Amino acid sequence: MPIDVDALVMSNDRLSATCNVLKLAAPAVAAAARPGQFVMVKQDLAAAPLLRRPFSVFEVLRDERGDILGLSLLNQRVGIVTEALYALEPGERLRCLGPLGRAFSLGSPPGEAWMVAGGVGLAPFATLAEALRAAQVPATLLYGGRSKADLVYVDWFRRRGVRVRLTTEDGSRGEPGLVTGALERMLAAGAPPGMIYACGPTPMMRAVAALACRHRCPAEVSLEPVMGCGLGGCYSCVVRVRDERLPAGGRFVRSCVHGPVFPGDRIAWDALAGAA
Amino acid sequence: MSAVDLAVSCGPLRLKNPLVAASGCFGYGVEYADVVDLSALGAVAVKGLFLEEREGHAPPRIVETPSGMLNAIGLQGIGVRRFVDEVLPQLRAREAVTIVNICGTTVDEYAELARILSDAPGVAALELNISCPNIKAGGITFGCSLRGLTDVVSAVRRSTPLPVIPKLTPNVTDVASFARAAEEAGADAVSLVNTFLAMAIDIESRRPRLSNVLGGLSGPAIRPIAVRMVYECRQAIGIPIMGMGGVMTADDVVEFLIAGAAAVQVGTANFVDPFVWPKLLEGLTGYLARHGHSTVSDIVGAIDLPAPDAARAGREVGPQ
Amino acid sequence: MSAVDLAVSCGPLRLKNPLVAASGCFGYGVEYADVVDLSALGAVAVKGLFLEEREGHAPPRIVETPSGMLNAIGLQGIGVRRFVDEVLPQLRAREAVTIVNICGTTVDEYAELARILSDAPGVAALELNISCPNIKAGGITFGCSLRGLTDVVSAVRRSTPLPVIPKLTPNVTDVASFARAAEEAGADAVSLVNTFLAMAIDIESRRPRLSNVLGGLSGPAIRPIAVRMVYECRQAIGIPIMGMGGVMTADDVVEFLIAGAAAVQVGTANFVDPFVWPKLLEGLTGYLARHGHSTVSDIVGAIDLPAPDAARAGREVGPQ
Amino acid sequence: MPIDVDALVMSNDRLSATCNVLKLAAPAVAAAARPGQFVMVKQDLAAAPLLRRPFSVFEVLRDERGDILGLSLLNQRVGIVTEALYALEPGERLRCLGPLGRAFSLGSPPGEAWMVAGGVGLAPFATLAEALRAAQVPATLLYGGRSKADLVYVDWFRRRGVRVRLTTEDGSRGEPGLVTGALERMLAAGAPPGMIYACGPTPMMRAVAALACRHRCPAEVSLEPVMGCGLGGCYSCVVRVRDERLPAGGRFVRSCVHGPVFPGDRIAWDALAGAA
């Protein structure tokens, strides 16, 4: 049962020129959130732009005693609202509706888990890493960006016992090339994990889904379509899932309620904008 | 000051308050059951239903515009039979007053939908979405031709004892003439406005921002046009009006009531703030109490027009 | 990359760039001479002129709405003779390309205005404001009847060698049919859109916010509808289109060009930022250069539509 | 020739719960402004609300050396923009277009001058007081409000040699009653001044104009109609001025270019909204 809170901005860490972490005092939303779920945010309800924007719950924030204080968002500047989120100052407020959507499944029996993140696609993996750790599932993060500035929070994952493998397209940190290249090499080198999770640009997720399929490994991807409401009300966020019985080879489901996390092999990738 | 009673009549339809969730902006109602007490709304107009299941348009299906949004959902839907079997019982259990929004591509489809829904328990009224292309008339939208509108309303009227509420499109020269045609064809009320046909282009790719090219504009941007249309229809017809278009706050609800709406639908606002309903109800109650009214009908159509002289002078030269 | 040439042709009208000040939003041009280099604009469409002086509507004449504004100025104006004697020489001295926007309440008035202005030096074109009520036809707006439009355009066409540009109203069911009628009646170009009929009510006093009750909606709120109408007209006619409605930035100019406008008018933006013109010109030049174009016409109507299959599917079920 | 500057907010003095003074770094606008002129302001050009709002130039600000630093606005919270101006913080920016409109005339030969202000109608009189002082015209400020909290900047005027006479409707400061009552008593007590200037609520200005007329004293009023552009382009700001030769008894002139300052006896007060 999602709630909507007018959350105080506790801090805004600008990690690079394009990316920041906003800590929000939204304990009730944070307490209910499961890995992979998202929130719909908006500044003053009456102000432009009109619609909310979806963001993964990044960290669940706790005090020293372990009590939940709120949640953070990992934000990347790409347009009007993400610019405004980059500029927010502590003390300002942000409406935060959630938690929403379907979470990652933790896989049973718990094997090893690999998380494949492209850029700000890292966002859903902080809570997932914590959950995997609690379930004692060994976890690896494969994390790629264009350049070293795109790779943030690496130590955060290391501190939580996650093995980290980095790639950059310009070779400025980690292995040069795409993160899917690193995944391919890992799959070639040994046994596939119990589950591969992926979040990032659509072509990357498509490639991960294909690799996982080829290695008969279950995979889950977290999609990022345009969303109008986040609650299943507007039918804007559909993605075509495969269903061979249907003439179109699949049907549209709302990714805000049936996703944003989907099994990689359920998506009709050809129908997904930007998946080429 | 006496207590305020929000109950309204919309033709044969009795509503505990004048606030109605607009079709297509509230799923089938059940999606919102976790965050909204459905039984506290005047009514819920569910997403437009065809006889059959529909897959809808390819995404992108929405795009934001200044104070508004375009949508081209393409009426994705589960079809009337699954709705009756799977959804209606849930709405009944939640004590939602359910208005079913129906769409067809032929007059017969509308009539058939009306017959099916008349037999289903828990349907309070039928809203006719006539912003669909009339296949037999070469694709011109039913709601953009007086003939098309009359045919649909008459056929549905003959097929059901339920209240019949055609939903007028604003994409016409003279919306009042459509309201009159609806009244003459036996409608119990009219609702207006549906969305304005519009488009947006991505200037980098030069492609339309919606896969369907054209979409419908909703939200605060259209409110002044919608209020004008409600006002015009109120002068033209005797049956009640469900007004809508860009309602975000209780003040907007009041504006539509004063313009002549007997009930007010709320669409796009659900996306911005699903918790808007109690705020609207509280604000409306407060307004009525502050102005010493005990019922909503006290302010329906209560616009205070300038002296006839001034109004005539206005008509002589047009607005600009 | 070669230099960008912004010059465009709009039928017989040659403009040094496609940006035109929209009628009624730039006074008679001379009001802006201190802040805008009039000779740097493609053209200036002056405030609508009747034969005689007009006093206009009582205030309040404007009210702001979400991303837009309503106006009911009532065409206050100095009449065509004072315009020719007092204003036109100043515009000529400033080297403004002047489009005169004319209004009448009968067809003869339009023709008479056209004759007077044809003899006046310094008029580049006539824009016909047909959003005025036709007195002989019982007050229905010329621009809302195909007959009214055809009569006005034909009469003006016979009365002047100047380029004739009827300005279409968006308050019609099928704007493309009006564009076709204008072309057939001999128009050299069409401009669109004029404002959308709308209203706003003060909920405390319950009075309309405009003394004239109804007003015209302009500004960014209407842009998606205006772009759609330009796109529709572009498919329907061969003569050029001056597109407008809610242009605030160079990106908006480009959107109208891609939708099919050969020139773009800018209205409400003048009120927000009278210094907008150099920004628009610079932004447009930058866009063209960045995309490797050397002329504006390269992008006029250059919309990249989806495959016909998808588009057909769209039409089958309508936008929603 | 008006200019438009993106002025830095130098300070925001909240004088009461409803009224504040914003100091803006807009030296070029301030240097050109004459008493009674106004500016059209807006926050970020692209942000809502769409239209600018008109404000009198309150003070012209100078440094110790007398060089012009900018101007201030006396703002009263009544709606969306005035709320936002009340909330502005130093370091933020405000678009400021001006100076605009017709200034007060200083009267020749210079006699005595009385300024009648109702509430925030004080705004145009700071620059006027400085101009009167420079022209060595003895000046009196009659200044009324509902309550003492409405009377601000009184010492500012006193320091500049202006005689001040205060009224409040609730009697909490100065003479009880309306400022027009005080004016009436002054006119009854002795010779009228060379000029009466008035700015405030429309009924007050109307009453001042009537009193001035009765005592054959020239008067100027500064009107505050809704303005769309401030430059004469939109024809929204009209006020009917008297012209007995015309059938309507007057004609509409644009108060942004032919005003906002008008001779009190030129206004067709009956036609003015809110003048009853």
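By letter and in written order, the chains are A, B, C and D; residue numbering begins at 1 in each of them.
The working rule: a contact is a pair of C-beta atoms (placed from the backbone, for glycine too) under 8 Å apart; a residue touches a chain by one contact, two chains touch by 3 or more.
Everything numeric here is computed off the predicted structure, so don't read it as measured data.
Peer 1: For chain B and chain D, let me know how many angstrom lie between their CA-based centres, rounded off.
Peer 2: Here the centre of chain D sits 47 Å away from the centre of chain B.
Peer 1: Quick one: report the Å distance separating chain A from chain D, using the average Cα coordinate of each chain.
Peer 2: 56
Peer 1: Once you find the CA centre of chain B and the CA centre of chain C, what distance in Å lies between them?
Peer 2: Once rounded, the distance between the two centres reads 32 Å.
Peer 1: Calculate how many whole Å lie between the centre of chain C and the centre of chain D, each centre taken as the average of the chain's C-alpha atoms.
Peer 2: 37
Peer 1: At which residue positions does chain D touch at least two other chains?
Peer 2: Residues 48.
Peer 1: Going through chain B residue by residue, note those that touch at least 2 other chains and give them in order.
Peer 2: Counting only residues that touch two or more other chains, chain B contributes 24, 56, 58, 66-68, 71, 73, 219-220.
Peer 1: Hey, how would you classify the chain contact layout here, line, ring, star, complete or other?
Peer 2: Topology of the interface graph: a ring, with each chain touching two neighbours.
Peer 1: Any two chains that touch count here, so list every such pair.
Peer 2: A-B, A-D, B-C, C-D
Peer 1: Taking the touch rule as given, give the residues of chain D at its contact with chain A in the complex, in rising order.
Peer 2: 47-48
Peer 1: Report the residues of chain D in contact with chain C in the complex, numbered from low to high.
Peer 2: 1-2, 4, 42, 45-46, 48-52, 97, 225-226, 228-229, 231-239, 248, 251-252, 257, 271, 273
Peer 1: Which bits of chain C are touching chain B when the two form their complex?
Peer 2: On the chain C side, the touching residues are 24, 48, 54, 56-58, 65-68, 70-75, 105, 129, 131-133, 139, 141, 144, 171-174, 194-201, 203, 205-208, 211-217, 219-225, 227-228, 231, 246, 251, 254-255, 258-259, 287, 299, 302-306, 310-311, 313-320.
Peer 1: Can you check the complex and tell me which residues of chain C touch chain D?
Peer 2: It comes out as residues 24-27, 31-32, 34-35, 47, 55-56, 58-64, 66-69, 71, 73, 76, 219-220, 248-249, 268, 270-275.
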